[in-house]
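Here subunit A shows up in two complexes: once beside subunit B, once beside subunit C.
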Partner chain A sequence: MSEMPARLAATPRVRHFVSRVLMVIGLALVVVFFGLPLLWLVTAPFDSVPTLAVSWPEWTLSSFAAIGENRYAVGSFVNSAIIGVGTCAVVLVLGAFASYALSRVRIPGRDGLLYALLLLSSIVTGTAAMVPTFQLVNLLGLIDTHLAVVLVISGGTLPTVIFILKDFMDSIPKSYEESARLYGARPWQILRDVVVPISRPGLAFVAVWTLVQVWGNFLVPYLLIRRTEQQPAAVLMYTFYTESGQADLRLLSAFALIFSIPIIVMYFLVNRRYGFRFHGGIKS
Partner chain B sequence: MAAITTQALVKEYPGGVRGVDGVDITIADGEFFALLGPSGCGKTTLLRSIAGLEAITEGQLHIGDRDVTRLEPGQRNVAMVFQDYALFPHMDVADNIAYPLKIRRQGRSARRGVAAEVGDGLSLTGLMERRPGQLSGGQQQRVALARAVATRPDVLLLDEPLSNLDARLRLEARTFLKELQRDLAITTVFVTHDQAEALALADRIAVMSAGKLLQVGTPREVFAKPATTFVAGFIGSTPMNLLPGRVEGSRVRFGSADVPVPPDAVGMVDDGAEVVWGARPEYLGWSTTAVEDGVEAEVTVVENLGASVLVTAAVGTDRLQLVLDEDHEPEPGARGWVTARAHRTLLFDAESGQRLDAGAGVPAVAP
Partner chain C sequence: MAPALALIGLFLVFPALWTIYLGMTDYRLTGLQAVDPSFVGLDNYGRILGDPAFWRSLRLTLVFVLVSGIIGQSLLGFAIAWALRRLTGWLKSLIETLVLAAWVIPASVSSFLWIALLDRRGGTLNEILGTEGTAWLIEHPMAAIIIFNVWVGTAFSMLLFSSALAAVPPSQLESARMAGAGGWQQLRDVVIPNIRGHILTNTLLITLWTFNTFTPYLVTAGGPNGASEILAVYIYNTAIPGGQLGVGAAISLIMLLINLVIALGYLRVGRARQAKPADATAAETAGGVVKPS
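And now, the complex of A and B:
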């Protein structure tokens, strides 16, 4: 009789222990799955003979020197920056105007229009519209220009941007604008003095999000830019082969590390400044 | 400084709903004027029409000697304090106060100077660097007021100025507001649904319902001589007793009891006319012995109001409420006589709800 309670008490403890062990093993697998590629990204560039395996590197910076020797590598980052900043500017200016107007003006079917745009936007930058996009840009004589990439990606991201920004604009009380109107402020003054400063966290979020979209976009610049010296980093990476046709892992690994740094830095800067106070519905 | 005049002002919304329905009103220069009514009566719409935030459908609006009916809000020289104060959260107090000056392209140092000066006048000294979010409700309201008066507008409009403050602060802010308005002598219109606020603050009150004006008068007039049964029921912290009855000679009979026809209505009613007899609970008394013209009643409920009590007494099937001094508090179940000062009682036409007043020349009501 005296052993019974002890055994009863031990059973849940054992069960608890087993479930803990299983959970730790499961989590460890997940960590390895996502962590290994990141580990490779950090170690491979410093290895003198990088492979696809993760190993303790034989420390060297020769991979980075190889990038300097590549004719197009440095220029491609400049191209990426031009396209990124250009797209951000277009998207922010047009997005702010459009979302403010859509937030304040009552037109029938406004929400339906927004959802339709959102749904269709993925086609613009997607593979489905590849041929017509190329033909359109060709007709406009914009092949091999950064402007073409900026315009096409802006078109693809604007609906989402307007959707997100409209949410921010909606949360600004109407009384703010009415108050400014009573003091004689013109619409552009209200936008400059009241609406834009208050929705700044939203604009910052949209800027980072757009930059990430552009920085990593392969298809659009690959399609519209043929000349290697005009190509952004994401496309140039595709050309890194050795003479024997193998992927040039030295160049690729170092290039990939540099490629990922601006986005990470950007995230921390914005996070520090605005503290990404987004909860679910993306509101500050 | 300017008077406000509206002529047959109409604000019609798409769909035909009239928020303001033919309002004629003249608000004198320097007057503190209240628009009072239940929610949805059109008082805020009228205020916003004066501001220019709602386009006027018909009629005319003059501020001073200018016709401003079709002018943009910014050209009317009108300032408004919104219910939520509408302070810009990203600007500090000084920038908020001086924002109207920024629109008028005044330099930064001039703006700072005006902000400091106006802020001092509204006891905001030392708060100039703070953001609105760091201020208490009362301070926020004073910043909003400072911003409104910084440009010396002709007219100051206040939308429910006290509703966002907690009860204790509200009384303090009320006194402050009245003092400020008197010092600035600026024509001020404010909207409220709280009759006590309107009575306490305003020089004159306009009571509104369904987009129309029911009565315009001083707080004393509106309280003592309400124009209709609606106004009578709306004004006063305890609603006026309104008993339906019938005129019999020089008496008004309701159920088993009868009272004399109020002096105002003598000669205005014929025998057998259907009327409503009205008396404020504060103007009624209680006697434990039979008195002439007293109405015999039984106390059913006694509610404590602090220094006074609200007594509900049954007269047959009717109920009368009276406010009595705490020293004369009757017990529930006690029988006695309700007494009324005749000149404080009123008579309304049962059908139209209009008050019957010989002095005002309202025509007699036929039986």
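And now, the complex of A and C:
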């Protein structure tokens, strides 16, 4: 009888201790689960003889020379850059005009249109629409061109971009434009001298967001570009480990690291500036 | 505005509508039907619905979405957010950085990282477990892509739930604690009711994205023998290497319709929640408009 109260008193402390231990074990497992695959990416490129397994490297930078030795590697980064910058340009210019117009002009059903487009872009994903997209590009004679990839990705991301930019455009006070107009500014001057400077944070965000989307995009270029010289890094990376039997791990590891760094840098840059507000939007 | 709408129209609206027509032709990538396809009506659908490979793919997709998305990503993301909510310092930033890094590195890199990890001969996993020679990707392809997808996608749930948890009124938690509620009881009676809207949003978005992801193709390509051929991969394999564009378009339409149902569900939830606008965060609005590539 006399033992009971003592045990009751001890229970919360024991339970607290047990839950602490369980939490530490759980967090350790999380670190291992997420960290283990990533370890290879940071060790293998610096190992003189990289293997598939993670191991402490014999430090060297010689693997990075393998990128220069490969016929397509450097070119694929150029291709990725062309596609990325091209998509950025298309999306920024068209998105800025469209969102400005949507924000200023009163058309009946404007919001409805915007939501319909958004809904559509979340339904008609690259995966679900790959057959008609392929067929369309085929008919246009644009297979194996960067333009095709730029246009297809732009079409898919524009609704999101307009949605984000319209928020920024809405926040520009109309009085700024009105006073500019009073002083005789032309519409394009208002756009250039008033709207663009004020919405610059929004434009910058959209630019980075688009680059992140495009840089890692695999399916669209995989579907539309067959010639190796034209392929962006995302597709070439895949060819490295699926074709030609024995994969060259020196090339593969160094290439993977260089390919990943820009996106990680851009991501953490945006993360620092905008925080979670846009996390949902930043990565596909 | 017009050029933007034209581009959206050509590369987003038109493909969706065209899928309906293409799905009723015997279009092929090569051969006679590539030049002169004929209208076959609903034949493709009859063929698909009678094809066991389609049903297997649909079943695999269901398992994939349920286990890797709804259960795996959501629960793990919530658990991490819950564990990290009062933690500060290096451990918190280490975990957040790792989970985020898994999310942001390009798909073709992350899939190779997993191929290397699970490799039969030199893979790290076999070395750690001492199971030299186990070909995980051949023996357990579905388990492999499910775990892979949890690894890739947990970050979103973690981020969404940590912002949701931060918004739970501390006073309510405090009074629950005063009333003697333990961790589980606080979770059940205070936290979950408070973030119910976030849970719904998260579940619907994760469902949509997991259903549409093509990334598992990079790990197993649907193999061996279609054992991990989820719907997205099934469409690709049928239409492009298989050359049957018409049949591929017909399956695409089925996929589009499923997407529509999920998206309408999301919209419904969104509308119900607009009655309480304080709940909806910008994150969700932004999150709601993204799609997996």
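One rule holds in what follows: the second predicted complex is superposed on the first by the 208 of 284 C-alpha atoms of A that agree within 3 Å, B and C clash if a C-alpha of one lies under 4 Å from a C-alpha of the other, contacts with A are read in each partner's own complex, and residues count from 1 in each chain.
Quick note on the criterion: a residue touches a chain if its C-beta (ideal position, glycine included) is under 8 Å from a C-beta of that chain, and two chains touch if they have at least 3 such contacts.
The shown structure was predicted, so the numbers you read here are calculated from the model rather than taken from an experiment.
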item	value
Partner chain in contact with A:169 - subunit B first, subunit C second, else both or neither	neither
Subunit B versus subunit C as contact partner of A:178, first or second or both or neither	first
Which superposed partner A:150 touches (first subunit B, second subunit C, both, neither)	neither
First (subunit B), second (subunit C), both or neither touched by A:211	neither
Winner by number of subunit A residues touched, once subunit B and subunit C are compared	C
First, second, both or neither for A:189, with subunit B first and subunit C second	first
Subunit A partner contacts - residues on subunit C that touch it in the complex	1, 3-5, 7-8, 10-16, 18-19, 22, 27, 76, 79-80, 83, 91, 94-95, 98-117, 119, 121-124, 127, 151, 154-156, 159-160, 162-163, 182-183, 205, 208, 212-215, 218, 221, 232, 235-236, 239-240, 245, 248-249, 252, 255-256, 259-260, 263, 266-267, 281-284, 286-293
Contact footprint of subunit B on subunit A as seen in their complex	173, 175-176, 178-185, 189, 193-194, 197-198, 200
For the subunit A and subunit C complex, residues of the former touching the latter	15, 19, 23, 26-27, 30-31, 33-41, 51-54, 90, 94-95, 97-98, 101-102, 105, 117-136, 151-152, 154-156, 158-160, 162-164, 212-213, 215-220, 223, 233-235, 237-238, 241-242, 252, 256, 259-260, 263-264, 267, 271, 276-281, 283-284
Of subunit B, residues touching subunit A in the complex	51-53, 72-75, 78-80, 82-84, 86, 88-90, 99-100, 102-104, 151
